[in-house]
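Report on the following structure.
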Amino acid sequence: MMAVAAIAVALQRNLFSAVVLAGIYSFLMATVLVALDAVDVAMTEASVGAGISTVLLLGALHLCGGEEAKPLARPWPPLAVALTIVAALVYGTLGLPAFSDPQAAPHTHVVPRYLEQGPKETGVPNVVTAVLASYRGYDTLGEVLVVFTAGIGVIALLRRARRRKEGKP
Amino acid sequence: MILEHLPALQVTVPLAAAPLIVLVRQSTVAWGVATAVSWFAFAAALLLATQVAGGGPVSYALGSWPPPWGIEYRVDALSAFVLVLVSGVAAVVAPFAWRSVAAELPRDRVYLFYALYCLCLAGLLGMTITGDAFNLFVFMEISSLASYVLIALGRHRRALLAAYQYLILGTIGATFYVIGVGLLYLMTGTLNLADMAARLPALAGTRPVLAALAFITVGVSLKLALFPLHLWLPNAYAYAPSAVTAFLAATATKVSVYILLRFYFGVFGARLVVGELPMPEILLALSILAIVTASLVALWQADLKRLLAYSSVAQIGYITLGVGMASRDGLTAAVVHLFNHGITKGALFLLVGGIALRAGRAGFERLQGLGQVMPLTSLGIVLAGLSLIGVPGTAGFISKWYLVLGAIEAERWWLAALVVATSLIAVAYVWRFVEAAYLAPPGAATPQPGEAPRAMLVPAWLLVAACIWFGLDTSFTVRGARSAALLLLGGAP
Amino acid sequence: MRREPVLRVVGKLLIPYMLLFALYVQFHGDFGPGGGFQAGVIAAAAVIFYALIFGLPAARRLVPETVVEAMVALGVLIYLGVGFAGLALGGNYLDYFVLDRDPVAGQHRGIFWVEVGVLVTVAGVMLKIFYVFAGRARPAGE
Amino acid sequence: MSVASHYSYWITVLLMTAGLYIVIARGNLVKKLIGLAIFQTSVYLLYIAPGKLIGGTAPIVAEAFKLYSNPLPHVLILTAIVVGVATLALGLAITVRVRETYGSIEEDEILAADRDDPDGA
């Protein structure tokens, strides 16, 4: 279903429906993530992908107008690029550990300590939170800074100047 | 005690400066904080470099969690070298920005500019210093997002489109990098680069590892504008505000080269990359294409800023050429050229920024007779241009010298000849400036006589002086680059 | 939309609960899914909801732009501050063990403040972006 | 190495292609950003799917469970989602500015406008 939604987005020329489809896609993604036990991620994807992103896109559409002008002139070269990448990925993934293989490297290295020691060392039973805020707290700091950068970037780009400057031709 | 925490402070102090600037909202204070912070970063980088030169790699566990469970900061000869370059350029560009930014940006956005400048600097430093693959991605995004905005703040409306294209390609690059890291993680179960390197030899040659190598190469190549993935660079450099162009040209692509080096030699290991795969050949071919085509395209540009931007693509080709040789001299050349080209291009773009302030833009029609109108600026451009060509006595010569040495050592005579021959194209495009500035009388579009303000000229000349200084006294650059090259070939990250 | 009584009443009723839910997500993050980021998004969504029902000027009165901009910066500073506190108390950067005599309690305290920082910045940024986009659409909204 | 054991990867690859195709092929700036978002989301699956263990539960430690899915990719992807939305917001902000200065968000129209009027109106 997600695949269908993604392809529908690709084919849709009305930007408004493309945005709505992208929102649906995000919700489907969130559902899949719940099935994969990633509840924290699913929650974020639902609120961010389906919520914030859609609101932002709709806001931008409101400012930009909503119909895509032209059908594709030459669809083949981009398709070729995309297919090359598929080939590389298929080649790469064939050697990966099989789905749900408990002996695969990600399950045997590094992570066991989080699961076994995490609650004791940090006093937090949600291991995702423990890893997020403590073991890899510095990544989260970086993440907050990315949000911060985007925030002040948007301010810098879109704030209405008090007076119109000649600096912007 | 401070010394022991330098690796963390190196990045977090510039990071902390950004929110402070946003809170204060005052452009003078913002400039002061940004300058102070960049000088602090420079001092910290120098101290770290001496520490590393004296006592080997420094490792710092953030949050006191031992790696690979926590995130590690790791400074060795190579990263210390890049840290010095990035923070040094930042320290020179910050004073320059004072007048340049005031002239090019609306006043109520100036403080935001400095906040973004600090973020961009911190992001680049964080990318260099980190020993963790995912942390690298996070900091890459900080610096990239900041630089997209910085470019979009340019005065010309094309700056917006340039920033947009850079955003799309940069994000694709970063996502490719994440895919590569993901594959590596699935195979090794770790994100720490050193730990990865230790666990990879057992898996060498398996398909996911090869695919990861491919994805990381393509992703990072997009960021470092390796031919043919350079399309975003000329527009971005040409339309960004002058201070931004100088800073990004001197640092951003260099940090990406550093990442490529780190992954090739520090993680995958020279044995896999050089020994079993045709990576060196691919790199050599692409580099040669980059050097030749970009140099030729540069010849036809009508604007000095664009000319220099295309020349950057060509010069990056020289760096990757050195990487592709994968020998001791080749890598030394790559690392030395990383540094030398950083300061040369920094100097050139700063001087062009001065011209842009006086003349509006840097189209060649406005440069007619500039030698009489702005004598110091023109002289600086010529001197730095000599370094770009690689004339003996300038920094550029040193890098080309090692490139030729590396080629001869590998008995690739044609490669040595090519390096010399392509330098002649550089002569041609630098000559175009000389011709306009000194041999033509001032035209209608030439600005009124008068130099750029001292606050802009002094930083620019500092870098010009550095181009000459590092051409004569090579002890810092070559020694640093040599130990970095040995470190890379030694296999240890 | 501004004269819809049903919406206004429902909005008035719901928004406090949305904020409450944000706080629940924030502090329950230790035990169930959730944390600063999600809570920040929900809190911002509550205010955006308010703006949609009562109009942008009303939302701007409720949460003024300057406050939002300060939030954006303050959250980051809280997070960085936790890191520097770790340094000041003799640990490494972002070391939570030293924040309390009992290391586990220290961890708890560190995680708590870090999540607060995330909440403040994320809510601030999301709101700010919304304000900026919406303000762009209706120039008279100032 | 059966095909069935890798089907989660196939889905990822398919989504990735669709996203990337939209980015490269489409000339509309907003559409490109949607494509970019899909491209990024597909990476989430690449990370998370292999972390799932059948019979495991979400990584919230409690007495009743013994087997948990891998929490580390979850953390990474949380960060990646945030980065994605930050990029999207910035990209849209730039698009809005482009629209205001050029009056269009179609790539070819903008390029044509630049050719006709290189100095910018």
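Order as written gives the chain letters A, B, C and D; numbering starts at 1 within each chain.
Here, a contact is a pair of C-beta atoms (placed from the backbone, for glycine too) under 8 Å apart; a residue touches a chain by one contact, two chains touch by 3 or more.
Small disclaimer: the values here were computed from a predicted structure and weren't measured.
Visitor: Chains shared as neighbours by subunit A and subunit D?
Guide: Chains touching both subunit A and subunit D: B, C.
Visitor: So which chain is the furthest away from subunit B, centre to centre on CA atoms?
Guide: Greatest centre separation from subunit B goes to chain C.
Visitor: Between subunit C and subunit D, what is the gap in Å from one C-alpha centre to the other?
Guide: The computed centroid separation for subunit C versus subunit D comes out at 24 Å.
Visitor: Which integer distance in Å separates the CA centroid of subunit A from that of subunit C?
Guide: Roughly 20 Å, centre to centre.
Visitor: Taking each chain's centre as the mean position of its Cα atoms, how many Å separate subunit A from subunit B?
Guide: Computed from C-alpha means, the inter-chain centre distance equals 29 Å.
Visitor: On subunit C, where are the residues touching two or more other chains?
Guide: Touching at least two other chains: 31-33, 37, 69, 72-73, 76, 80, 83, 93-94, 96, 129, 132-133, 136.
Visitor: Out of subunit A, which residues touch more than one other chain, so two or more?
Guide: 39-40, 44, 48, 52, 56, 59-60, 63, 89, 93-97, 104, 106-107, 110-111, 114, 125-126, 128, 132, 134, 136-143, 145-150, 152-155, 157-159, 169
Visitor: Can you tell me which residues of subunit B touch two or more of the remaining chains?
Guide: Correct list: 15, 18-19, 22, 62-63, 134, 138, 141, 145, 148-149, 152, 156-157, 179, 185-186, 191.
Visitor: What kind of graph do the touching chains make: line, ring, star, complete, other?
Guide: Drawn as a graph, the chains make a fully connected set, so complete.
Visitor: Show me the residue ranges of subunit C that touch subunit A in the complex, using the header's touch definition.
Guide: Per the stated touch rule, the residues are 29-35, 37-38, 41-42, 44-45, 48, 69, 72-73, 75-76, 79-80, 83, 93-94, 96, 103-105, 107-108, 110-111, 114-115, 117-118, 121-122, 124-126, 128-130, 132-137, 139, 142.
Visitor: Quick check on the complex: what are the subunit B residues that touch subunit D?
Guide: 134, 137-138, 141, 145, 148-149, 152, 156-158, 160-161, 163-164, 167-168, 171-172, 175, 178-179, 182, 185-186, 191
Visitor: Within their complex, state which residues of subunit D touch subunit B.
Guide: The touching residues are 20, 23, 29, 32, 36, 39-40, 43, 46-47, 50, 72-73, 76, 79-80, 83, 86-87, 90-91, 94-95, 97-98, 101-102, 110, 114, 120-121.
Visitor: Hey, which residues of subunit A end up touching subunit C in the complex?
Guide: Where subunit A meets subunit C, its residues are 39-40, 42-44, 47-48, 51-52, 55-56, 59-60, 62-63, 120-126, 128-130, 132-134, 137-138, 140-141, 143-145, 147-148, 150-152, 154-155, 158-160.
Visitor: Mind pulling up the subunit A residues that touch subunit B in the complex?
Guide: 88-89, 91-97, 104-111, 113-114, 134-139, 141-143, 145-146, 148-150, 152-153, 155-157, 159, 161-162, 165, 167-169
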